[in-house]
Structure formats: C-alpha cells, structure tokens
Amino acid sequence: MPDSSNMKAFVLHGAKDVRLEEVPKPKPGPNEVLVKVRAAGICGSDLHYHSHGRCGDFVPTRPFILGHEFAGEIVAVGDADQQSLLGTRVAVDPSRPCGQCRICRQGRYNLCPEMVYFGSASVTPPSDGCFAEYVVAPAKNCVPIPDAFEFAWGALLEPLSVATHAIMRSGGVSGKSVLITGGGTIGQMILIVAKAFGASQVVVTDVKPFSRTFAEEQGASAAIDPTAEDFREQMDALAPDGFEVAFEASGVPAALNQAFEFTAKGGTVVQVGTLENGISIPANTLLTREIKYLGSWRFANVFDRVMALISSGAIDVRA
Amino acid sequence: MPDSSNMKAFVLHGAKDVRLEEVPKPKPGPNEVLVKVRAAGICGSDLHYHSHGRCGDFVPTRPFILGHEFAGEIVAVGDADQQSLLGTRVAVDPSRPCGQCRICRQGRYNLCPEMVYFGSASVTPPSDGCFAEYVVAPAKNCVPIPDAFEFAWGALLEPLSVATHAIMRSGGVSGKSVLITGGGTIGQMILIVAKAFGASQVVVTDVKPFSRTFAEEQGASAAIDPTAEDFREQMDALAPDGFEVAFEASGVPAALNQAFEFTAKGGTVVQVGTLENGISIPANTLLTREIKYLGSWRFANVFDRVMALISSGAIDVRA
Amino acid sequence: MPDSSNMKAFVLHGAKDVRLEEVPKPKPGPNEVLVKVRAAGICGSDLHYHSHGRCGDFVPTRPFILGHEFAGEIVAVGDADQQSLLGTRVAVDPSRPCGQCRICRQGRYNLCPEMVYFGSASVTPPSDGCFAEYVVAPAKNCVPIPDAFEFAWGALLEPLSVATHAIMRSGGVSGKSVLITGGGTIGQMILIVAKAFGASQVVVTDVKPFSRTFAEEQGASAAIDPTAEDFREQMDALAPDGFEVAFEASGVPAALNQAFEFTAKGGTVVQVGTLENGISIPANTLLTREIKYLGSWRFANVFDRVMALISSGAIDVRA
Amino acid sequence: MPDSSNMKAFVLHGAKDVRLEEVPKPKPGPNEVLVKVRAAGICGSDLHYHSHGRCGDFVPTRPFILGHEFAGEIVAVGDADQQSLLGTRVAVDPSRPCGQCRICRQGRYNLCPEMVYFGSASVTPPSDGCFAEYVVAPAKNCVPIPDAFEFAWGALLEPLSVATHAIMRSGGVSGKSVLITGGGTIGQMILIVAKAFGASQVVVTDVKPFSRTFAEEQGASAAIDPTAEDFREQMDALAPDGFEVAFEASGVPAALNQAFEFTAKGGTVVQVGTLENGISIPANTLLTREIKYLGSWRFANVFDRVMALISSGAIDVRA
C-alpha cells in the first residue's frame, strides 16, 4: 500500500543520472496550492541538466526534480478561504521572483537575482520542478485553462511566454516585417505569436527541411534554407529594404550574423537563442544602420496574457 | 466632342452647394503621376464640408474638389523613367507634408503645419481632392493594390490607416484588453485592426443595435449598449480590472467619460473621435490611476503597412 | 520615569483632533529596522487629514499617526546580521507595495492596490506614520544620507521623488522647453529637478508674487503671473511654438487649461496637482495637436536616484 | 584684384593631396543663404579623408571641399523676404536629408540614404563642405548664435549634437549611472552632456593620462585607467551593480567588451565610436542580463536643442 504522504518524482543526481524515486509529497503553505501534474513539457535546459548534470553556470548543490513547463489540477489549498480553487485545471507560471529588489520593482522580475524557478539550479539550493506527481505553487501563479483545452496545451504556455516576451522586448511586430533565424521550438513559437500579433511578413530560416516545412504550415510567408546557393537573392527578393525585426532563435553564430545582414536601417535584432560569450558580430553594420540588438531572457508579465490569447482564439495552438 | 484637357469633378462652392463641373485636367510634374480615379470613399469630414461649407477651423478661400479616400490606375507619369508605373492599380496616401519642418523631422508629419491633404481646406488655398475623374499625386504616395483586390478595397486604406495610427499611438494592443466606445466607421476599423494585432479581448459600446451587430460579426468579444440598465454590471463582468486600452471613437462626451471609468490602472485612453473644447473629464481618475489620455490625428507611417497587412491576409477587409 | 517600551506620537482621532499621546514603541521584525525620527516634513495631505479627518476617499477606521516625509537614525535592527546598520543616518522611502500583484510586477508599484504608505488611510486599517519618536521600516526602504547633509534634507526626498517621478512619466525633459503651472512646493521641486535634468527652458506660472520670486531664485527662465493683462503675449514671446512638456502642479482647473493652451503640437501635459473629477478640458486641442495628457501619482523607482543626485551635487537642495 | 565671384577653398584631390584653390563662390537658391565661414572644426573623418582620400565606404568621384563643423555670418540670401537674416551669426546643421523617404518620414533622417552632408562623399557626387570662405546652406539649417558666444563655440555644435543624439538614443541618462569608454573628443562631449542632463554618476575610462585628467576637470565622478592592475576592483567599487548606461566612444574592441562587463542587468550599451565588422562581443552576457546594445549614427532632431542648452547655460562649453 503506497504511503500517501509520498509521491513519485524524477530526481537528477548527476550527469545522465536521473532516478525515479519516492519522495515526500510537498504541502501548500499560505497563498499556495498543491497541483497534481497532468501534463509536462521537456525543455532544452532539462536535457542540458540531464546530459551535463548542470546548465551553464547553474550547478545544483543537491539532487533535485527537473521540469518547469506544466499544467495540472489543484487538489489541495494552503488557505481555508481558497477552497473554491479545488478542482481547477491550471497552467503554472514557473516564475517566483522576490518582488522587492530593485529590478523586480522596475517590472523586470525575470532578471531578479533571487528568482526561484521551478526545476532550476539558478538558486541555491536548487528548486524542485514538475517531473513529479505533485507540485506546490503560489496560487497567483496558477492560470485557469479554459474547458475547451486539454492539459497538454497548458504545458505550451511556458515556451509561448518566452516567445511573447521576446516580441514585447522588440517593441512589437504589428504591421512589421519579421525574420526568425532558427525554426526549432522557440522559433516556431515566435512565428505563431508574430502571426497572431499582425506581423505583415514572417520569414523563417533553418537548415533542416522539416523545420522549414513546419514553419510554412504555421503560416510563415517563406521558409528559407540559409545554405542554399541563392540564399542572399531569395532574402533580398523577400525584403528588399531588410526586415524591421529579426529574432535569433538558433543559437548559431552564423545565423546571428545573417540576422544583422538582413535587418533594415533602424531595425531591431533580438537574441533569444543561447549563445556563448566571444561571438563575432558586424559592429559597423550595427553602428551605421543604428540597429538595436537586445537580449530576451525567460519572460515577465506575459503568462496570463498568453492564456487569454489562447482562450480567445487569437493564438491557435491546436495545429 | 469632349475636351480631353478637361475632366468632370464635384466642386464645393459653399454649404450644400456642390456642383458637377468641367475643370482642367491636372498634369503630373516631376516625381508625380496622374491617377484615374476608380473608387472613392466619403468620409465624415466630406459631409461636414458639404453641410457647412467648412470643416471646423478649415474655411476654403475658393471653390475646391472634395474627397481624400481613393484608389485608381496610373495613366500618366511626370518623369520619363517612370514609364513602368503606367497601368499600375494603386491606393493613394492623401498626406503631402513639407518634410523639412521641425515636426516632420521628428517623424510626426501628420502634425505638419504645411500639410497638403487631398480635398482639404487645412491649407490656403484649399487642396483639390479625389471626387474627380483624375488626380495628380506624388509617385511615392501610390501603393500598389494586389491583383486579388478590387479598387474599392483601396479606398478603405485611408480609414484603416486612421485606425492603425490610433493603435500605434496607444503603444500597441497585442495581448491586451481593448474597449472601443463608438461603433461607427472608425470604431469598426479599430476593431478589425485590433483583432489583427492580437488584442486578447475587444469590447465595443454603441447605442445603435446595427453597430453592435456589425461589431459582433467583425469579431468583437462583446458589443454592449451603454444605455442598458445593467451596463455597468456587464462591463465589470467583461473586464473586472478594467480595460488596458480604450479608444474613444464616438465623439460623444458621455462615451469619453465611460472610457475613463472602465480603463484599468496604468491604462491608456485614445481620443480618435472629434470632440469640441470644453469637455468635462474625470481628472481625478486620470491622476490616481495614472491614465494616459492622448489624441490621435489622421495618421503617419502606416499607409503602406496597412496595404501589406491586407495583402498578407492579416487584415481581412472583404467582410 | 518614562516607560522605555512606549514613545510619544501625534495621533489623528478625527477632524482637527490630533493628540500628542504615549503609544507602544514598535519593534522591527525580520528585514526591518527601527528608525529614530530626526526630521519630518508636513505635506498637503497631512493638513487635509487634519482638517477633515480623512483625505478624499481615504477614511481611517481607527486613530493613527500621520506623516510620511522623514529622515532619522537606525537605532535597532530586526536581524542579527544587520548590526552594521546601527547608527546609519537615513531617509525613508514611505512606499511598501505588495510586490506580487499584476501592477507591481509591471514595475508600477505606486499603483499597487495593497500599497502600505506611511501615515495613510489608503489601506485598512490605516498605516502609522512618522510624526512619532520612532518608526519601523523595511531595511531596503532606508537610503543613507551622505555625511555632508543634515537630516532635514532627508525629509525633502519624498517631495523631490514626486517631482522626479512626474518628470520620468513625461518622457524626460532633457533639452526640452518646460512649463510648470503652479509654484507651490511640488511645482518648485519640479523646477529644481527639471533644471538638474537639463531642460533648455523652464517657465513657472503662479498668481502669488512670493512663488514667482522663489521660482526665479531657483533658476526659472521666467515666472509669469497668469492674471496679468499681457499674460498671453508674455507666454507667446517665451515659447512661440509652445512648450514641449507642461506640468500642472496647482490643482486649479484654469491652470490646467492654460497648460493645454501653451503646449506644443505633439507635446505632453502631466497632471501632478490634485483635481476633482468633472474638470473641463480642451479636448479638441488635445486631439488635433496629438497632446498626451497623463496622471502622475506618488512615485516609483526614484527614491534612491534622488538621493544619488543630491549626493553628487546634481540636485542642489541647500538653497 | 581678386575675382569677387570666386573664393578660396581647401579641395581634396586624393590621399594626402589637399590644395588651396580658387573656386567659384556658390550662390544661394530659394530658402537658402550664403554663410561666410568664421570658424570651422576638424573632425576625425576629415583626417581620414585626408590620409586615405576616402572614408570607409565613402569614395569621392571628384575633388571636393572637406569640413562639416562650422559657424559664420549670413552675408547673402536667396529670397527677397529673408533680408532680415543678413548679418546673423549662425551655426550650421550639416544635415540635408531628403525629407520624404520612408526613414525620413519616421523621424530618423540621420539614416536617410539620400542624405547630403557637408563635406562628405556619402552621396555621389560628393557634397562640398566648409573649409572655404563661403558655404551655401538651407536657411532652416542655420541656428543663431547668442551674442555672448564667439563663433568658435558654434563649431562645437556638431560634435555636441553627436553626443546628445547618443544620449537620446540610450533612453536618457537623467538620474542614472553612466560609463564612457574612451575620453577622446566624443567621449568628453558625452561626459559634458550627461552631466548637464543630470546623470547621477559619470565614469570615464581611457588609457591616456591627459584624457583622464581632462575628464576629471569636466566633472567626471572618476576617470579610470583600464590597464591598471586593480581596474576591475576600481570599477566594482564605483558601481557594485554595474552602470545603467554605457557609451563606447573609443572604437577599441576591448573597451566595448569592458562596457558590456560593467553594464548592469537591464542596462544599455551605446556604440558611438567607429568599429569594424567582425568584433567579438559577450553575447551570453547580453542575453542573460537583457542588455540593449545599439548604434548611434550622426544625429537627428538635436542641433537646435544643443544651441538652446548652450544659450541657457545648461551646457557650459567655455571650459
């Protein structure tokens, strides 16, 4: 007979050492709820933790549970007056910033140095994530999933929020021509949101035929192979004056340089993909075209907006 | 036999005195083209000129041709090297700012004191408009109409540009909740563009059942009668924390006050409809909610964007 | 012998009923400090509470201690590891927002519905203020006062922060022409900060000769009497194209209308002074000049900036 | 006897081949004036043209007169109704954009592809400059010099405008901490303007002792040698959380990397100095700190503002 005070969870012990274990079931405190996980997504950073036992500078000081993209059902509450939340189907915003430091007070809480993120070793000790039967989350991080949507869509909220934040950082894409270098998960999400936000043109570049086909199915104006012989001719034909906003979502230095090359005077390049330090860029192009090149890190102030967009049908994730 | 150097035109001579007359056909100069008018729209300001012989402070000093919303075909060019433009189907941006004054140089050429606008007495002498067989326009003001669209859509570019400019002035509506007070032409255009730009919710208020029905057909989240007994209850149910952006498109002072009442803390109210000076507003609400209330006048930098949005299908004007 | 667990405080019991009483000395909790009050300022809202027993919509549910502009010395700490703060001379930011609600997360915590402000009945029960011997404050709200400055300057931080926030809200005044209607405390503070931020011209209007003289001493380009016969001629001579930014700091409806009248095309009017709802404004001027009219409420993200400006000499408050 | 229809001018014929020649005196057309040059500055780009016969991609197709920083006296006018301008002492904005292209209409005329700049081969044929007795300029480009200032200050307007534009591009520096890498002419100008605009702290780095001393005399909070052994310790002590805005004004790749290193989370790096393409930058730092890195090219909409700031004493250039 199982111990009801325990639960099953996938715990990372080191590089390529994830174990399915019995661990204590967490209990919700004040303003918190217990969520029974019903859908979870696997992100590139999860794979990174799995392969290397760490993720860049984030090194765990003890075994912990991975995962930060998830949806589920509220099955217990920490406050008596939250009984009405029981049974609610929710997606969970994985961000728990301090809310009081200088950068939180400026509204850029995604940069909070004390940010607790589900399934991350960015703080010490690491914060447990969602690859488990249950997760405790602040009640305000839980956004209801409309009846018409399955739990699985809820797990898409996190990557869609990353994409939406990048678009907000860019100054918006409504009525603008957009380039996305890299048709992986985040690139495709940016494509979907850019279409929903009324970009007049969205072109995706990717070396993989599958990614290009998928982008075209999602409504890309064109999906171009950057290794094609006539790559530059194709790009110039699509946007003779260059693109107004480019999103670098591949993490490939050559793609970043192409993003600059095809960005219009006065345009914007947003870094979303992960790059190392020491990348070569066309600084003279940035200077003489007055290009704005900016980083976009996780997300802030968009999680509930994305759910509202899905609910209203503005973003269609069922494809 | 008609004199080919003349053309027919509707000339405003005074209040309720518009005459169909034979007038000299204009000739394109350098960088200009001659457009044979194939479709023209009638704007509220045209009706105002017709009824009153003037439009607010704009008083014509001689008879002139009205009309500024139009599309047509390029039938003559002013420069030999523009022969390739002949036969092009175009919508015409009616804005001809000076391009060199302080406010033009700041990119806000819609406020240029020397703006020449088709069919307007805002300059002296008044500038002839499009209610004629032919119009001369700068080549760069002519935006090609895609083959799939009739000329009539071209005449919609001007009011769509007014709507798009108002949305750009607001800071953008992507992912935001939007209120539009007034479901007339401009209100409906704002609705269409706000939907295309990914507003998460768009509510329209109008006293006329026809306008509300039309708004619902255009995809409004709800269309509410502001004279309904339960008006406030309906609005509060739709947006418990208020709307993030409100567009006042009715020109009715009571509607402006409702726009303030239902705008969220930190929100924005955009004035698009024409109001007189001396309107009472809830200044304390503006202060304590830090509302931004701003005027939106004609448009700048959006005409070709709107055409690109129509061409790409992002804005669907065929409804 | 006095009871060391008590302190003296001015407690508001009702309209014109402030009593000097012995009350329990508060104790600092975690992350909090006890400040011995050494200087305090009296704000218009304090006088309002005193006269009416309330301040607008803010009605106290129990007697409470007024006052929110103050400086003092840290004499006790709530955490053992904060011992080093003992003896520090500090100005205290009176804002204690929740840090987790939607508007806090957007960086606009001055609009937080759960904001606890020293000496205010904006929350229930009211929050005690600084007209007392001691105050407990969060450690992070305490900004050190440089040795060269007396405690009294510290009490100026709050009104200077209100002025600085209004300027930040306006989009900045560097290199711009500025009008301030109303030369009371806040108007003078806006003048000082606008000068420090490199406004190219700052004109103040006020009916009181004393306020005009003081403004001129603070470096105003001109200080004008709005009741002078040649008022409009004087204003037009000073700014033929109008002012780029106007701050309404008088709370007088006629002054607000003058602010609009003398604001340039594309300009900004900031409401800082308290106005009632139902104020008449020139809405047509706002529309056709595309004026931005916005409220500025208390302040956010500027308190420590103001101290840095005072410390560096950029703002000189010793005059 | 000299031919009064001629004038003396320094004409660039090739690399290290500048000749003092007699050339035809230009005549002002409509809206233009003839300026007798009374002071001129030599910019780095002038030296570049002199050394190499070209400046980067700008290759002259015929001999032309260099120079774009100047002031002088209006001695002839192109329009009869401009007689009142005769004798006016003016500084001349060297920018003559087309005013009608897409980027001009957006207010970013410094990026106009048809920009005619005095003394530049950026257009074909090259545009003559101010190293001559007389120059023809558009009347609206001439900004009166106050009586209290010598002509020489007028020649400073151009580099001060470059500095002011960079600061405007950054989002403003009022109340912010600022780093300037490079204490050459532009770096010092940025320092002067940043001080005038109320930066709370301005730190300059330069390897040259002379530049550091000069920066300190201009009011820098500190001037640091980036080759000092304790360079990082010094920088961290000055700005423990990093600088909010950094201006790269040295054109040295290592300095750009230091600008990133010492920029705070959420901060901005502005490229003002000339860099080649292919520069290595810390892209991961840009990503995870959400740094905004943007180019600043020449200037727009600031020339007359700078003169107003000099006139009002906000900027003191007499040092």
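Per-chain residue numbering starts at 1, and chain names A, B, C and D are given in the order in which the chains are listed.
Simple rule for what comes next: a contact is a pair of C-beta atoms (placed from the backbone, for glycine too) under 8 Å apart; a residue touches a chain by one contact, two chains touch by 3 or more.
The structure presented is a predicted model; accordingly, all values stated were derived computationally and were not measured.
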Please tell me whether the contact surfaces of chain B and chain C are same or different in residue numbering, using the over-half criterion.
same
Between B-D and A-D, the pair joined by more C-beta contacts
A-D
Please report how many Å separate the Cα centroid of chain B from that of chain D, as a whole number.
40
Touching at least 2 other chains, the residues of chain D are 102, 106, 108
Name, in rising order, each residue of chain D that touches chain C in their complex.
164, 167-168, 172-177, 193, 195-201, 221, 302, 305-306, 308-309, 311-312, 314-315
For chain A, which residues are in contact with chain C within the complex?
97-102, 104-109, 138, 140, 300-301, 304
Per the touch rule above, chain B residues touching chain C in the complex are 56, 102-103, 106, 108, 110-111, 113, 169, 241, 256, 265-266, 271, 274-297
